[in-house]
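Submitted below is the structure of interest, expressed as structure tokens.
We just call them A, B and C in the order they show up, numbering each chain from 1.
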Amino acid sequence: MDGGLFLIQLLNGIQLGVLLFLVAAGLTLVFGIMDFVNLAHGALYMVGAFFCAWLTLNYDSFLLALIISVPAVFIVGYALELLVIRHLYHRDHLDQVLATFGMILIFDTLAHLIWGPAGLTFTLPDAVNGHVSLFGLTDFPVYRLLIIAAGLLVALGLYLVIGRTRVGMLVRAGASNRVMVGALGVDVAKLFRYVFAAGAMLAGMAGMIIAPITEARIGMGNDILIIAFVVIIIGGIGSIRGAFIASLIVGLIDTMGRSFLDDLLKLIISNQAAETSAPAISAMLVYILMAAILYFRPQGLFPPKVR
Amino acid sequence: MKDSLRRLSLNGWVMLVSIVLLALAPTITTWMDDPFLLDLIMRMVILSIAAVSLNLILGYGGMISFGHAAYIGIGAYSVGIPAYYEIHSGLFQLGVTVVVCALFAFITGYICLRTKGVYFIMITLAFAQMIFFALVSIEEYGGDDGLVIYQRSTFEFGPDLGSDISLYYTCVVVLTLALLIVHKIVNSRFGLVIRGSAGNDARLMSLGIPTFRYRLVCYVIAGVICGVAGWLLGNFTNFISPEMMDWTRSGELIFMVVLGGAGSLFGPVLGAVAYLTIEEVLSGITIYWQLPFGILLVLVVLFGKGGLTGLIAKIGRGDK
Amino acid sequence: MLLEVMDLYKSFGGVVATNHVSLEVNAGEIHAVIGPNGAGKTTLVSQLAGELKPDGGSVQLNGRRITRLPSYRRAQLGMARSFQISSVVNNLSVIENVMLAVQARTGHSFRFIKDAMRCTDLVDSSHKSLQRVGLSDRAESPASDLSHGEHRQLEIAMATATNPKLLLLDEPMAGMGVEESGRMVEILNSIRGGPGILLIEHDMDAVFALADRISVLVNGAVIACDVPDNIRNNPEVKTAYLGDD
């Protein structure tokens, strides 16, 4: 195993981790505070990607696209909460599952209708499209480093907001005891709406920053949603800290597994067996991790203190 | 007592009429010269089996599994993978289906069923997705693109599934068996525990009933029945792909159960028929059929008071 | 000795809900626990039934330590409880609720084929339990249709149907009218001498009519334990709980 490749995959893993964190952060708060199953969260990730790609293609400026898309997704999230989500908080989980499942169909088909079935691709501006050398070992795309930096910055910001401000205190209290927050005389409905919209915005941001690398594609939100589920299950529902740590763990394990598992397996089984089984096993790795953690800690790594 | 007798005889009537219709379907479609209609009906029957099995855990047992399509996939691949190696024995393939589905249900159920509510929904979803991604990543079996099955399951004694008509009747027989099994189970002592734990699990525990093991067994039974549906589906489509167990498929199964009436014996069958009819009609009109369908779904949940379940119950009771 | 509680301790954050409680219930005895609201009575029952973990102390049933056993194991060893806030299985019929209790005792729940309603043993002994509490005519109704008082009766029917050695009853008369309470006293009198009963109750008439012994719980601690007449005249209890009337 050579050091350069390892370093690249390490960074790729972290990059996937911060992306997952952006999606999982909003999800875990909505789950934790509202006990609400939101399958449509991934759709906002997709909406972010499409907004950003579409604007970039039209105005030829990735930066401008970002600046417009971020508030735009916030507004979409806000409107979604107002129109649909808030009516579902007091319904049973089955209703929530069905309604948000319906919303995925709506979002996916709308994207199809507006942007066509093929998805949108665009290239990065030259300024961030280069590579940098990492300790002389290997080259790494600048943009991916930027994603990591941006993700960590958002995580830090979120940590400060949740840990240090009054709003954050309410959110934390809400995640562990929502009745009490109401008793504090807070407009709970409004708090939830902003939390939901902010979560939507974070998911949208994740979609925006990944769009130049992958593309904006129908169904992209559904794939990441389920890994985000795994993240918040591992981290403990309602815990931002848990979501952060679990995101990194999942991102790293998934990436490293996909690139190095076959080499590892070759140490124990035959080359051919390793090469056929490694892809399947590495695809299952994070789920196996989830199962193992749940077996020992059914509430995840950082469960909310009281319920 | 009287009441339940009357309900039973109503069920009996529904059953009689459906059986006659199902038995005559191939004759009717041949007479109408519309082989595609038989295809649709066969798909309805197969998905009904899956929905009936989901209903056992979701409708009666209160376990909202969002990963039920995984068993369809396992069943279908139990046809496809052996067929790829030129093993066409139906008994062998069915055996694989049953064993793998039971194992998968047992292992994942052991972990899922210790959790509740939102956790349970997400974990079942995640496990199903695990199988999905695993199959996507195995190039040998076609990965994303899937595999064509060149020969259907064969039986030394029994139906020749190579003919669509006998495959169809096999599906109908399996559906009947599935309904019978679920009917027996939910009314048995075991079923009493399952239904009770859906209502008030803690109370059963305090009575001295360790509900976990009963729920686990129930979960395994449902998984196996659904696996058989998948086995039939693989034979029917002559093709397998991971798409068969995409999580949206699980969502559709839930929708069928709820649409038809969770926790009623024939509800899921009605739901499957209704869902496929809606899909058929809407998708004939527009390729964007999922848009009106999604809107319909959201609206019905929002404005049908108490959700779809409530709506159905209301209509069932005959009040406005 | 049927039930022996030794030095049980439980606190919620700062609130000490169970403060080094020791008490006993003998076979066939009705041992009442009284105390003001928030004294820790329900918390005590929950720990005995295995739904709450105590912070310290031990519980023995028939000489066997059960402190760490889960609730269903304790139930299997002969413990049954009723809940202060009725907890029945609302999506089942009344008789099915009781059948579950009987099934829990006889332990034959892995039966998949035979219609439970056709298991004569099961149905008969369930009917007997319903009869004992006077709910026979409601057997087929959904449990959710029962009135408050009937819910309490069903609770007792379920608890007794498991044929327990020890019954933990958490305010079986809560929210009942005079007539219903009277009926409940009759019911409890009719099973007296069978299982040992730990009876939590606010209704003093009922307590003094039924109890062989009374423990008084205040702020989580037992301040007195004696026969009813002595409790009635205990000055400490009077000031702490009974007031001066």
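In this section, contacts are C-beta pairs under 8 Å (C-beta built on N, C-alpha and C of every residue); 3 or more make two chains touch, one makes a residue touch a chain.
Source: prediction; values computed, not measured.
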{"item": "Chain C and chain A - chains in contact with each", "value": "B"}
{"item": "Inter-chain pair with the most contacting C-beta pairs", "value": "A-B"}
{"item": "Reference chain C; chain at largest CA-centroid distance", "value": "A"}
{"item": "Chain nearest the overall Cα centroid", "value": "B"}
{"item": "Euclidean distance of C-alpha centroids - chain A vs chain C, Å", "value": "49"}
{"item": "Computed distance of Cα centres, chain C from chain B, in Å", "value": "43"}
{"item": "Computed distance of Cα centres, chain B from chain A, in Å", "value": "31"}
{"item": "Overlap residues in chain B, where contacts from two or more other chains coincide", "value": "none"}
{"item": "Footprint of chain A on chain B - complex, ascending", "value": "58, 64, 66, 108, 111, 114-115, 117-119, 121-123, 125-127, 129-130, 133-140, 247-248, 251, 254-255, 258, 262, 288, 290-291, 293-298, 301-302, 307-309"}
{"item": "Interfacial residue positions of chain A with respect to chain B in the complex", "value": "31, 35-37, 39, 84, 87-88, 91-95, 97-99, 101-106, 108-110, 112-113, 222, 226, 229-230, 232-233, 237, 276, 279-284, 287-288, 290-291, 294-295, 298"}
{"item": "Chain C-touching residues of chain B, taken from the complex the two chains share", "value": "1, 3-4, 184-185, 187-193, 195-196, 198-200, 202-211, 214, 217"}
{"item": "Residue ranges of chain C touching chain B (in the complex, touch as defined)", "value": "49, 51, 70-76, 80-81, 83, 87-92, 96-97, 99-101, 103-105, 108-117, 119, 122, 140, 158, 162"}
